[in-house]
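Both complexes shown next keep chain A, but they swap its partner, so chain B is in the first and chain C is in the second.
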Partner chain A sequence: MTRTGLLRAAAFLAVGIAFPFVFSPAWLVNIGVLTLMYAALATSWNLFSGYTGYITLGQVAFFGLGAYTLAITFEHYGIGSGYNPFYVLPLVGAGVAFASMPVAWIALRTRAMTFAIVTLTLLFIVQQLAFNLHSVTHGSSGLMLPTPTTFGVSTYDDPFYFAMLGILCIALLLCWGVLRSKLGLMLLAVREDEEKARGLGIRVTGAKLIAWWLHVFVTAMVGAVWAYYLTFIYPESSVDPLVMIGAVLMTFLGGRGTLWGPVIGAVVLVPAQQYMLLHLGGSQLYLVGYSAVFVVVLLLLPRGILPSLRDGVTRTRERRRTRLEAAAS
Partner chain B sequence: MHQVVQAVILGVLIGGVYALMASGLTLVFGIMRVINVAQGALVILAAYLSYALFSHAHIDPFLSVLIVTPAMFVLGVLVQIVFVRSLRGSDSEELSLLVTWALALGIEGVLSVIFKTTYRATSPSYADKTLTVFGYQFGFVRLMAFIGSGVLLVLLSLLLTRTRFGRAVRATVQNPTAATLLGVDANRVQTLSFGLGVSMAAAAGAVYGVIYPFNPGSHYDLISRLLSIVVLGGLGSLGGAVLASLVMGVTEAVVAVEWKPTWAAFSYFIVLIVVLLVRPQGFFGVRERAL
Partner chain C sequence: MTTLLEVDGLTKRFGGVTAVNTCSFAVPEGSITALVGPNGSGKTTAFNLITGYARADEGVVRFAGETVRRPDPVRLSRSGLTRTFQQARIFADLTLVENMVAALQQPWRTAFSTAVRGHERARALELLEEFGLARLATERAGNLSYGQKKLLEFAAVLMGDPRLVLLDEPTAGVNPVLVEQIEERIRELNARGLTFLVVEHNMNLVMRLCDPVIVLAQGTKLAEGHPDEVRNDSRVLDAYLGG
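Up next, the complex of A and B:
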């Protein structure tokens, strides 16, 4: 890790840990939880789609599967209240990720736009299942989770905040590790030219499947924490196309394929989104506002904040260098 | 047996309407490699326009097709110029997917503000009329919608095969660069065909409101079906879209009758996954290369 990289990570951790202590009112911590949730979702979306170039629009299906897995486990096996559910998160994540592999294998036989559409239908399939498997999910009446009673009233949101922060750190570490590894090189090769990569003997399907597994692993954990946080889930809220498009939008805003881009996108957009929900939510006008933000981002900053900034910096540096060279000669 | 045949009839009639919506989607993809995720929202928009015309001006929904379709054609042309054309660069295909999704959200939002989210239905006096032939029932509205869709699809294929514009469109589908070199104005072809695709959605939507109740959120249900139809048929293939629509209509209707209506839509998704397992490019599609 470079020194600036270390500094960035340390600054991020410091701000992340200090936030609920500095801004302790519950509504602020609530926005913090949601921001971290979207940041983790966007980061894991980026881990698959940003690095491989395969756009998945079905991520939120696994968010919903994670949520339902935790809720159903609660109902049938009673995994205890308080902090206990947080300890089973990796199991939930890994379980959902393994279960998604056969579908991923089929979906990854298709390319480009077809892949995007097939993953989008995954979203609708899981939502349908949540509605229809009434005996397990209670259909549209939804599932209740026990409210943790051991958490303090004034600091009720804090454990969820730190759980989301922990998952986001895992997601960022995974991204960082993948980017530095041979796997990362394989994924980038797939993004640039899959046929050539295959021709060179890279096992493209294996690489894509590993990235898929990792992104579902993180996504399902986020979904499980979200379910425990809300203590009530139903099909429309747990498999919500708006959440999907939100995570994608944040990644695009911050910069696809970059490490910190999705986090920056979430930090910018989630508070804005919550503000719009608060002021325009009743009239559904927030949908119009949201889509307007979306279109502006895509049309004006299609490459994202970070890559555009980076370009700006290189350009100024080059200009300065040419000016210096001109002065020297 | 009688029940299954009746279900097949129902499925084919509905499939015809879906074929009209999906043909616009797949046509636009073939020409400019843009998936218009807003196609479902545009269908719903047309359904509301036709609903408003029916309830305020007492214009028959089948007649309102003649008003709604040209209006939506203009809207489609504007959308293409403002949102789709301005996307440039190597990512433009993926970006178009997201921009049109945003457009769908915008339409949903505007419709929710104007019409609220309660379910509406356009119900002319003949809404419940049925014809009985050899003991099988044909809903009058569905039969008319099927025939209308068939006529429009034939007109569309005549437009594509018999006119100068159609030749330009097909040339652009086959090889955009060569078409431009031969003097085809690519921008004009793309804009007009986007408008054409949207007007297909509009024509189907004006009638959709008579067959099904709808609210602004209904577009998710529609777009999930439409997208899986065009993938099953093979992206860019008109014939494939029509065939896949009929497959979807029949699968859903038969499952609904023989098993449970709640699993109808789901069963179709399973058909899609199974077909993709064998033919990733769909019925008549060409295998896509990576972006």
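Up next, the complex of A and C:
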């Protein structure tokens, strides 16, 4: 990792850890939890779609599966409340990720728009399953999880906040690790020209499946924490297309294929969304405000915040260099 | 001379058009074999069938003595049969070195190791040097000129240590100096034992570089032999050189 990269990571971690102590009111920590949740979702979406170029619109299906897996496990096996559910998160993530592999293998035989539509149908299939597998999911009545009693009233949100922060860190580490590895090179080759990559002997299907597994692994863990946080889930809320759209838009807003872009997108949008929901929620006008944020950013920074800023910095440097060279001659 | 690649009765139809029609030919090991023919004679389709980019309706391809049962570009490339494309195809957003290293055929156990390791960079730079691209090694490949992209594509396929390279019009759209450079590279690599199958429209180049020359017309083999024999074959003159 470069020095700047290390500094950036340290600053992010410091701010992330300090936030609930500095801004302790529960409603602020709640916004923090949601921001981190979307940041982790957007980062893991980026890990697959940003690096491979395969746009998945079905990520939230695995968010829902993670949520239901934890809720059902609670109900039938009674893993207890308190911190225990956090310890099983990697198992939930890995379980859902492995279960998704056959579907991924089939879906990844399609490309571009077809792949986007195929994955979008996954979202609705999982939602329908949640509605109809009544004996397991309780259908539209939803599933209730035990409310943790050991977290304390004033600091109730903190464990969830740190769980989301932990998952986001895992997602960022995975992205960083993948980008600097041979797997990353393979994925970027797929994004650039998959047919050519195959001709060079790059095992494109395997590379895509690994990236898929990793993104589902993170997504399902986020869904599980979210379910525990809310203590009540039902099909529409746990497999919500709006969550999917949110995560994708945040990635585009921040900068697709970049490490920090999705996090920046989430940090800009989620608080804005929550603020407007608070002030304009009654009239539904918040949706207008929410879309206005997009319009402004897309008009001013069409490639996403991070790439546009980088372009700006490079342009300024080039201009300065040209001026200096002109002055010297 | 042993046969490295053998194509036997290959046929490919696209609707009512038979692009390749019971085509049979062989590429001797250590040769620079040319595959020529007028536009639409099925050269590129034959390339696509041999390298697994398209499935043949009939016929068999044998590579290094083994029948290719389920042609797949990844598997074929890893067994030593690789190709370049008519329009240079490179990974535009990656640097030249990354383009080269991506073409190294890695085992899965290295998937999580550093993208470009020291010895891989050294190997990439060595090859880039041979192709006159070393000074651009850290440049984004998308910034190269068309001719340079052709060179990069050629250099990259060599990273996998192939036995047979199929070059699809390696000098199309390339300036005369680069044509010479490409010709020189092919000769050198061939002298080191690499076999080539070349589709090319530059007949002067074909005649001085390749032996044997295979002529396709309407998807089937019309003639085959030493450049001089082919040049004087009346059927070829009728079909291709226009008399």
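Methods note: the second predicted complex is superposed on the first by the 307 of 329 C-alpha atoms of A that agree within 3 Å, B and C clash if a C-alpha of one lies under 4 Å from a C-alpha of the other, contacts with A are read in each partner's own complex, and residues count from 1 in each chain.
In the analysis below, a residue touches a chain if its C-beta (ideal position, glycine included) is under 8 Å from a C-beta of that chain, and two chains touch if they have at least 3 such contacts.
Bear in mind the structure is a predicted one, so any value in this text is a computation, not a measurement.
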{"item": "Touched partner set for A:193, first chain B, second chain C, both or neither", "value": "both"}
{"item": "Which of chain B and chain C A:210 touches, first, second, both or neither", "value": "second"}
{"item": "Partner chain in contact with A:177 - chain B first, chain C second, else both or neither", "value": "second"}
{"item": "First (chain B), second (chain C), both or neither touched by A:2", "value": "neither"}
{"item": "Of chain C and chain B, partner touching more chain A residues", "value": "B"}
{"item": "Touched partner set for A:185, first chain B, second chain C, both or neither", "value": "second"}
{"item": "Which superposed partner A:202 touches (first chain B, second chain C, both, neither)", "value": "second"}
{"item": "Chain B versus chain C as contact partner of A:112, first or second or both or neither", "value": "first"}
{"item": "Shared chain A surface residues [contacts with chain B and with chain C]", "value": "193, 195"}
{"item": "For the chain A and chain C complex, residues of the former touching the latter", "value": "177, 180-186, 188-189, 191-193, 195-204, 206-207, 210"}
{"item": "In the complex, chain B residues that touch chain A", "value": "29, 33, 35, 83, 86-87, 89, 91, 93-95, 97-99, 101-106, 108-110, 112-113, 117, 216, 220, 224, 227-228, 230-231, 235, 262-263, 265-266, 269, 272-273, 276-277, 280-282, 285, 287-291"}
{"item": "Complex contacts: residues of chain C adjacent to chain A", "value": "51, 53, 72-74, 77-78, 82-83, 85, 89-94, 98, 101-103, 105-106, 108, 110-116, 156-157, 160"}
{"item": "Chain A residues within the chain B interface of the complex", "value": "53, 55, 57, 103, 106-107, 109-114, 116-118, 120-121, 123-125, 128-129, 131-132, 190, 193-195, 241-242, 245, 248-249, 252, 283-292, 294-295, 298-299, 302"}
